[in-house]
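Order of writing sets the chain letters: A, B, C and D. Residues in each chain are counted from 1.
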Amino acid sequence: MSEKNTTQGKAQKRRSRGRWRALLTPLMAIVTALILGAVVIVVTDTSVYDAFGEGFGAGLLRIVEVVVTAYGSFFAGAFGDPARMVRGLSTWITTGDGSDWVQSLYPLTETLRYATPYIFAGLAVALGFRGGLFNIGAEGQYFIAGLTTVFVGYSLTGVPWFIHVPLALLAGILGGAAWGAIPGYLKAKTGAHEVINTIMLNYISFRLAEYMLDVGGPMARGDGRPVSPVIQPSAQLTQFFPSNPNIRFNVGFFIALLAAVFVYWLLFKTTIGYEIRTVGQNPRAAKYAGMNVPRTVVLTMALSGGLAGLAASHDILGVIGFMPNSFSSGYGFDAIALALLGNSHPFGVVLSSLLFGALQAGARNMQAIARVPLDLTDILQGLIIIFIAAPAIIRALYRLRTPDEGEGAVMTRGWGQL
Amino acid sequence: MLKKLWVLLSLVLVTTMLVGCGGGGAGGKLKVGMVTDMGGVDDKSFNATSWKGVQRAIDELGIDGSYLESKQQTDYATNLAQYVNQEADLIITVGFLLADDTADFASRYPDTNFAIVDFGSLGDNVRGLTFSTDEAGFLAGYAAAAATKTGKVATFGGINIPTVAIFMVGYEYGVNYYNQQHGTNVEVLGWETAANDGVFVGNFESTDDGRRVAETFMNEGADVIMPVAGPVGLGTAQAVKERGNAWVIGVDTDWTVSAAEYKDVILTSVLKNMDVAVFDTIKAVQADDFAGFNGENYVGTLANDGVGIAPIASGAVPAGISDELEQIKADIIAGKINTGWAEYSASLE
Amino acid sequence: MNENSKDTRRARTWGIVFLVFAALMLVLFLPGTTGSQRTTFAFDLELSEALPIGSLTFSTQGGLYLLVVLAVFLGAWQLAKGFKQVYLILGVVVLAFVLAFLTWAARDNSMNMTGMLQATLLRAVPITLAALSGVMCERCAVINIGIEGMMLTGAFTSALIGSLTQNVWVGLFAALSAGGLMGALLAVMAIRYKVDQIIAGTAINILATGLTSYFSSRYLQSIPELNRPPTFVQLPLPVLSRIPIVGPVLFTNTAPVYLMLILVAVIHVMLFYTRWGLRTRAVGEHPQAADTLGVNVFKTRYVNVILGGMIAGLGGAYLVLSSVARFDENMTAGRGFIGLAAMIFGKWSPIGALAASLIFGFADSLRTNLAILRVPIPSQFLLMAPYLVTMIVLAGVVGRANPPAADGQPYEKQ
Amino acid sequence: MPPVLELKGITKRFPGVLANDHIDLTLEEGKVLALLGENGAGKSTLMNVLYGLYTPDEGEIFVRGQKVDIHGPGDAIALGIGMVHQHFMLVPVLTVTENVMLGMESIKNKLFLDREVAAKRIHEISEQYGLDVDPYAMVGDLPVGIQQRVEIIKLLYRQADILILDEPTAVLTPQEVHGLFQVIRSLLAKGKSIIFISHKLKEVLEISDSIVVLRGGRIAGSALPQESNERSLASLMVGREVILTVAKEKAQPKEPVLEVKNLRVMGEGAHVVVRDVSFDVRAGEIVGVAGVQGNGQTELVESLTGLRPAQGGAVRLLGKDVTHASPRVITEAGTSHVPEDRQRDGLVLSYPIADNLIMNTYYLPPIARGVVLQEAAIKERAERLVAEYDVRTPSIMTPVGSLSGGNQQKVIVARELSRPDQLVIASQPTRGLDVGSIEYIHSQLIRKRDEGAAVLVVSAELDEILSLADRIVVMFEGRIMDIVPIEKATREDIGLLMAGIHPDEHGADVVATKEAA
């Protein structure tokens, strides 16, 4: 008996060490992407060439300067300035004026705010992956959910917030779910591949939103701009720092964390999740076990769409307050990276969303301070996906040992039918 | 091996953080920040033109000017906050989509000066920079009608939004006015004010669409085309250049300068002098006696040269037309000619 | 017996579908017309070498009735006797419907049919090239969803190198190389590292968007001379270009357009009649079988995917060197994805891909013409049309198109 | 004269497994060398080494006395070695000619495939060896027996003179096997040498000139057919005395549990593949469905379990009509189903054993309360079943994919037979398993019968049917040829029925459905 326990203990230890090693590869992927990003920054900086004109040493120094300025502003924008935080905190304690302290938290809150819609969208794609479905349509679901959520947000008046906010969120979920269910239904019934259909639905949703918000259109504000009316105050998500409106960090972040816990519970602790995962891993076996595969496919896509819809609800109810006709965000493709980076696990998605949130917040500061184009984030994200998806590259690069193979989600199954 | 890597990493992190926080802070120069909308500063349209105004101010007035691009709707406030924190003296936002955020920041930072392109007044410390583009479009339409040999002129847009459509409205009214004056029957393809709809390519990116639409227009007999779609219009210019027997009307800036390779086929350009408005605004703020905007806005019209048309290609229109255009310009300024704004706004209700 | 009855039931369904089309024409188009209205279809293009044949003007109602009668006749014949080539007849009926639509839309107006066909082909060129790229990769079982990114890369490179050298052919070659490089990246990820191929493609899309936009804003926008590539000139083929309608549409084009048409034919022939094609198809269907006969599965895949990347690069170069003479961010605007749909619609065959792309091109050029004719449908809905068509086509008409059996699966030596 | 092929000390290791341990083989020209062994004995690995698909860790290969290195199939082909794989290496959407010429294409005009020349050669080869095949037929449309001929033609086209046949009889009727042996003899007559891989003792004794038995990656012994018998070979193969028949009591059939009447089912591609099939299965008996693979058995089972819609006819389970019921309804009405392809249809390989054991009970208490899975109950059940059904695994959380085939099948059997069902449908329940597992699964099926369940076993292995079934349903081309009680069944008669020939000439039209009626 005791012998059994020790072997189990050992196995556990090995597993936890394995888990750390599992974290190492993504970490090295990020570092490698940052290094390559630095190369891009340096190569495209004319001042570096000028400096090399003055001499090799000056050139090298300039390279270091460029990289340090870029990534320095990047980290400052993503995480803030520790010294300032300490100063702010001490001012708060000594004088009771907390505004400096709050202001010093601004970069961190920006990271969390950018991370929030990412969590929702990443969960959407991850849930799809678990169910064997590739939802490239998060962007379109985000648009449609934006329309439904903002409609409830502005049109409903005279209701208290504790009714209005849930209703508006629900509208977002339903809008996204409906838009996600379409390709799910088409896949289940006709075998039409969801990748193509979600892409098509993205374009259709842009046009639909344009039509609805068009000046003079059904949902236009009526001030000559193609934007929706502003939502009622009762539909706003609670802000945490009302004293400093620049900080738009709101309760949505915690809703996102709740959503992650919910998705985890749904996937791994319930019969519905069991069905979704089984259909995702082996649809034939699911069919043999008596599961309703088409229904599960539609359900998975609807849930996925609903999660993507919540990203729109957060952005509208918590950040912007209305919906403009060009609501584009790029969440759709980013979400794929997030799901992948998080190994399609809800908590992994949260971590990767925090990373991407930091990437976005940092990149904006990098643009402001170091004048590096925002497009760098796309390059970094592309590289990170490549390195995460092909960990062998990273392992070969850093001579890491091959980890034990565990259960990973089946990402996609080609154009194959159910 | 791994440990060393960690040490190295954390070292790099710490140093970069320290350096990164040192940024910001300018000398005695006027600090001007521009926040673009999602098109980015190289949109060949209003962001680019506005930035041109800031650049000119940097060169001529010696200010400290910079821009921040936005990639998504939620970036506007982030970028505004960035400039507010850097204590910019003037923040210029480009595009009506930024109106809500600009209004919000303006009310919270009453001591900072704001200016917004393409939107009206938002408060005492905000200067709205708007343009009666219909007036300029009217002149272009008149010139187009005069230049056409086929009796058909065309226009198309990127996406149907007012700042785009207003060009097309003026254009249509200008053509109709020409018909009225000269008893001709020149037809406008691609826009109908009464229906508030026309030909739109659905984006501001796909230059190929601009080319294909232009070819279709020419196949349907149009020989003057005004594309109101940012870089997409350059595809149109390329198509017309290759055909050779038609004209393009540029928008926003004088295309014989900004797209010089097409100057042989550019009939004229509808000027929306955002750069001038931006430059003037910066100049006003820099002036010693500047005491705030006090709710004063800028409306670019033919009268104040905020809008206008570039010189018409020589030989493209009959000799008398320039005089007629001068007269029409005077009449518009005098309010004697309807350039379509009223009907367009009515169609939006 | 049972199977027969099922066949007759299907035949009957199609007959009813044809009649429904006829009824739709009556209900949708006829009420808005008057007897005095006339429709004009023009066929001559300005500046073309084709012999002029004038235009066709006819009574709008007369034309509509004629088309309705045609559809009714085909429907009735289908119900009574049945056609062997039902899909062909379906095509004819749909064409009649579209013609009726145009007849109605162009009432008291005119429309240039040759121009629309020309626009159809030219709009189809980048889509076809994207689809061909997909065919090349997927026939040997590598899914390529990164076509969009490869096209963008090709477009950017052709603009940059074309501007630097002021030579279209060098620009084209550079685009082919850049596309091939992206193809190689996909190949390495998919074949060597066995990365999920859809994810590899997505990574390529994001990376290519980022790289081209970044370099564009760093270089092309600030130095306009770097974004002024020369363009291919039109090469009317002697004699052929003088044929009415066909001449201007098919035989008055630039080199990349001819190249696209040649590629479709060449790849089709190569795929089905040469050693390379046989091996490629075998690798796509049953890589083990090919391997046991000494066919190098990995090499076949590397070669095809790199070639596929080059074709996508050509598609990007077409947009720059044969269309608009400049690069702009995201100028491919989703053509890579539409091409992917065209590939599936065309059942993974080059000629099918061309046909499907022509349908998309037609939908695109049709909506421009309809907007010019002021059809009272909001422009946003006209813009949706091609995407809706794609979805309908994928869900219904092609039903279950069968991809190569091993599509998307990495090959492992056992 | 040196032997045509000689292997010396071939060793091949995989992570954790020694698949071939110093194997020596000698093949003389014009002879058949039989390689006998259970699944997993290392036969296929050895042949893949010979064919260049694997590189050996140690050892040497000599062809006609010359030491050779074989780095890929290309090298093997060049040396005149050809292999017919157990799973045919044919591309179904290509024609016979295209399949045969692949990798060695005839070319005309320097570019184009010359199908005519290749077809002509194929025709010549088929004439020469009595392999009748249409060169222009699509391979996917051909019956299995013909596909095998295409495989052999592929080798002859490449002028192979050492032919490796890997389990060539697995998919053939006894009559087709007879035909294959004739082909083999005509090959030998033309000087070809053959390695014949099998685990079927009778065939090996009939065709081979010498026999090598592999067990656990090693040579367990060699024998000459004239000096051996089935029993001696079997004990060499398994390593102990094996009982070749299953011990069971005589069946005590009671009321019918499953009644099938005039069932019609469509296969893929909208062909009717089950034609008006009628039979019943009674409580307390095992009905075996015999037939060569691809004669409608798969679709029949899929239809009975609700996976494939019936086009006509009726299925009644315990008196209840379930013709168009969903799989779940049929399961809940009391049916267990061991699917034909365990990895594809029966298991989620990445799931732990515990999760695989709840695949059809996951939504029922005590496994689930509402929608919430009860982990304690899942674990308890898994521990119990793993012990009860002798699944050899380090833990119930081990992914099923890492278990051996036998243990994977035991997981399915545990899941299906642990439920109190009245009907058990088992498709190919022992395919590819070792003798120990086969014995165990057979005993479990018989236990189920003795407990009063109705059992339907579908198997392509005639021996399995003969040893398990109480009644035998023989299917050919979607029809029931006959239903034979075990007492009257002989190997030969069933074999003829499987080939579509009725041994009793007079009754051919009458017998088909008499039992069911």
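Everything below uses one rule, namely that a residue touches a chain if its C-beta (ideal position, glycine included) is under 8 Å from a C-beta of that chain, and two chains touch if they have at least 3 such contacts.
Given the structure is predicted, the values throughout are model-derived calculations rather than measurements.
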| item | value |
| --- | --- |
| Labels of chains that are neighbours to chain B and to chain D | A, C |
| Comparison of A-C and B-C (more C-beta pairs in contact) | A-C |
| Length of the line joining the C-alpha centres of chain B and chain C, rounded to whole Å | 34 |
| Distance between chain centroids, defined by C-alpha means - chain A, chain C (Å) | 33 |
| Distance from the mean Cα position of chain D to that of chain A, given in whole angstrom | 48 |
| Chain C and chain D, separation of their C-alpha mean positions in angstrom | 46 |
| Touching two or more other chains - residue numbers and ranges from chain A | 207, 210, 214, 373 |
| Residues of chain D engaged with two or more neighbouring chains | none |
| Residue numbers of chain B (touch at least two other chains) | 160, 202 |
| Chain-chain contacts as defined at top | A-B, A-C, A-D, B-C, C-D |
| Contact footprint of chain B on chain C as seen in their complex | 45-47, 110-112, 114-116, 118-119, 122-123, 126, 216-217, 221, 228, 231, 234, 319, 323-326, 328-333, 364-365, 368-369, 371-372, 374, 376, 378-380, 383 |
| Chain C partner contacts - residues on chain A that touch it in the complex | 40, 44, 134, 136, 186, 189-193, 195-197, 199-201, 203-204, 207-208, 210-211, 214, 333-334, 336-337, 340, 373, 375-383, 385-386, 389-390, 392-393, 411-417 |
| Chain B contact footprint on chain A (complex, rising order) | 24, 31, 68-69, 71-77, 79, 81-84, 106, 110, 113-114, 207, 210, 214-216, 222, 224-227, 230, 245-246, 248, 315, 319-322, 324-330, 361, 364-365, 367-371, 373-374, 399 |
| In the complex, chain D residues that touch chain C | 48, 51, 53-54, 72-74, 77, 83, 85, 88-94, 98-99, 101-105, 107, 111-113, 154, 264, 270, 272, 311-312 |
| Chain A to chain D touching residues, read off their complex | 269-272, 274-275, 277-278, 281-282, 284-285, 287-292, 407-408, 410 |
